[in-house]
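In structure tokens below, several structures.
Two complexes follow with chain A in common, the first pairing it with chain B and the second with chain C.
Let's turn to the complex of A and B:
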């Protein structure tokens, strides 16, 4: 998937006005819709789970070298706020610099993890975070090597549903699934 | 994040409780993870050192290559050792997990037995005997009632009923007797027609019928 061109997932990516916030509200709405789905598609494709505003200048999607256009800071802020209001990003800090990118909602992630656990008969067992995220056992699982903060957030959701308990013992962090 | 505390308040009621065994398993699994990490590290190191040794040999630095290979050998031995430890840790983890399952099973069996005992207390033998006696009496009473009700027809009525029954039986028999002679007649007529067909066909047909 790494060779996929961004233009392949969106034809308007090479359209210069796409990179300038449109003054007409109707047009702007459509433009933001398109940007939101582009960001989510891109992150899903590249398996990106977090975004740091400080690194926005390094985020390949916000640059189109082919037409020599890039998003300015204001546009990025508007776009992030739009994504947040749709529940597609979740700020990790008060300063709104670092966020989780949720191209799959926390609820869906929680279901995925729980389904995986159940299908392997691992209910009632204790697992380490490392085992779930990095071991060969989870190679085929969708949550293999996902961002640890996102993983914690998913476990929090599972705790809320009463399907897991996160605990630590002598610095070892683990989770018990129900 | 403020809502975190609100969520924690009902944590204990709905979520699986963490036991001492769970903590022990977590510790074991963490050791397993560490051993796995260690193994991965040694494996990549071995890979790299093999490359470096090759390079050294190419450059004619035989002494250093030998030194490196010795170090590599040591790492390999360490790797073997850690494999052994890993196996032990994993076996221990499995045993702990299985023991926990066994404890759960025994507890469930005990619960089941207790429940069964309680049920049996409800079903006292004398009570059952009394119940069966009562139900037999009730059944007898019911029979008596039906007999009384059936007996409400007069003698004459009974005779009429029996006469009608006899008539029905006779009619049925007469029908049977009247129909019986028809069967051979039809057969004969069929047989009369057979000579019209060639004798071989008849033979064939007879054989077929015999089958």
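Let's turn to the complex of A and C:
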């Protein structure tokens, strides 16, 4: 998976104008569409759940050494704002430096987790976050080893739906599926 | 040694300082009288200058070995005697070709000999001509009036100097315009010649093949327009008439250059075509403003960069831009100067065209350290 060529996800990646924010608004909208889907596809493939603006320059997607082009800070800001307005990222702090990348919406994640629990007949059981994220039992689950912050967001969504209760005991967080 | 005297223009050199001057001084070669009587003698840090109404003479201090005074006698006034060296320098043109004496005597008819002697002796000790070799300020031997030679210092000196410079400039400018007038006359002759050729062609039409006629005509056209619109001939209709003329001349040229031409290019072309009776940029612009109301096939357009240009009224913008997009596609990407070379338009116009094509969504840009390039819009 690590050898995935980004150009294979989107051919635009080797198209130099892709890295310049287009002044023509129609063209820019299409360009941003292409960027959003590229970012989400890439994160899905690489199982990336978070993004830090401070590391934006190191984010492999944002520079293409083959054609010697990279996104400037302004473009990155525009792109992140576009992703946010589409609900594909969620800021974790007020300064908008750190965000969750939701290539799958929170609702979809919640459904996935709930489906996995019910299919295993684990309703009514109590599990720690650690067990669910890192134990061998969940190896096949899609949420195996996902970002803890994201997982907490998912369980809060389940709690909101009345399908789980989250509790904390001596720093170890657990959940009871209903 | 009066042969050491040389002609001069009387101007002070750079670094030369005037020390004193005295009227009514005559030059004697040894004890013999000369033609140079009762002039103005001037001592500077470098030279002794002597002038009257007809002559200006200089004696470099470097050739003066020493100077002494000979008191007034019954027959003559007080004299300053300068003993001169037989210098090695070649003789410069002067009033005397040769001399039998070793000295020059300056006879001070109106006094002042004592002061002059004291000052010249001071200068001979200082030897300032060695410290600060002179460089002549005047490259031309302009003959100016003697009156402005008498004041070389102070504000009047500066004013005289400025006046002098102004005169020189004025002369060179009027010289230049004389050339221009000649050019205009010659241009008129040229147009006359072209007219004669044209009539001859008409007369001999039957003898020439149509191909030759066409070729001759094209030569004639490149020589100029045979009846240019001038302010005199058109009066207050000048600008509208000029607009018509512009339009007829530029229409053909515009068809060759992709339908667009900057104002400056058009200005050159129009004046090239007129040959003489050239028009000013202002007239061109004023005439261009009238083009639209006259429904001419050419009009003035201000590009978004602020550049003014002429273009054909019936130009199909969309089609032109599509052509540019096709060109960009065939060479993968395109920069303004590439396009300019390709279709022979100014770079600034090429850039304008590319941005217009971008606005139409035909192209998209790649703005990197390598410069601004345009690609076919594949978004």
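Criterion: the second predicted complex is superposed on the first by the 178 of 178 C-alpha atoms of A that agree within 3 Å, B and C clash if a C-alpha of one lies under 4 Å from a C-alpha of the other, contacts with A are read in each partner's own complex, and residues count from 1 in each chain.
Operating definition for what follows: contacts are C-beta pairs under 8 Å (C-beta built on N, C-alpha and C of every residue); 3 or more make two chains touch, one makes a residue touch a chain.
Quick caveat, the model's predicted, so the values are computed rather than measured.
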Side-by-side fit of chain B and chain C on chain A, or clash: fit
Partner chain in contact with A:128 - chain B first, chain C second, else both or neither: first
Which superposed partner A:91 touches (first chain B, second chain C, both, neither): neither
Touching partner for A:174 - first (chain B), second (chain C), both, neither: first
Partner chain(s) touched by A:165 [first = chain B, second = chain C, both, neither]: first
Broader residue contact with chain A after superposition on the shared chain, chain B or chain C: B
Partner chain(s) touched by A:63 [first = chain B, second = chain C, both, neither]: neither
Superposed arrangement, angle subtended at the Cα centre of chain A by chain B and chain C, nearest 10 degrees: 160
Minimum distance between Cα atoms of chain B and chain C in the superposition (Å): 37
Interfacial residue positions of chain A with respect to chain C in the complex: 12, 15-17, 19-20, 22-24, 26-27, 30-31, 34, 68-69
Touch list for chain B against partner chain A, complex: 7, 11, 14-18, 22-23, 25-27, 29-30, 32-33, 36-37, 97
Footprint of chain B on chain A - complex, ascending: 124-128, 130-131, 135, 156, 159-160, 162, 164-165, 167, 169-170, 172, 174, 176-178
Parts of chain C lying in touch with chain A, wherever the complex brings them together: 333, 358-359, 361, 364-368, 373, 375, 377-379
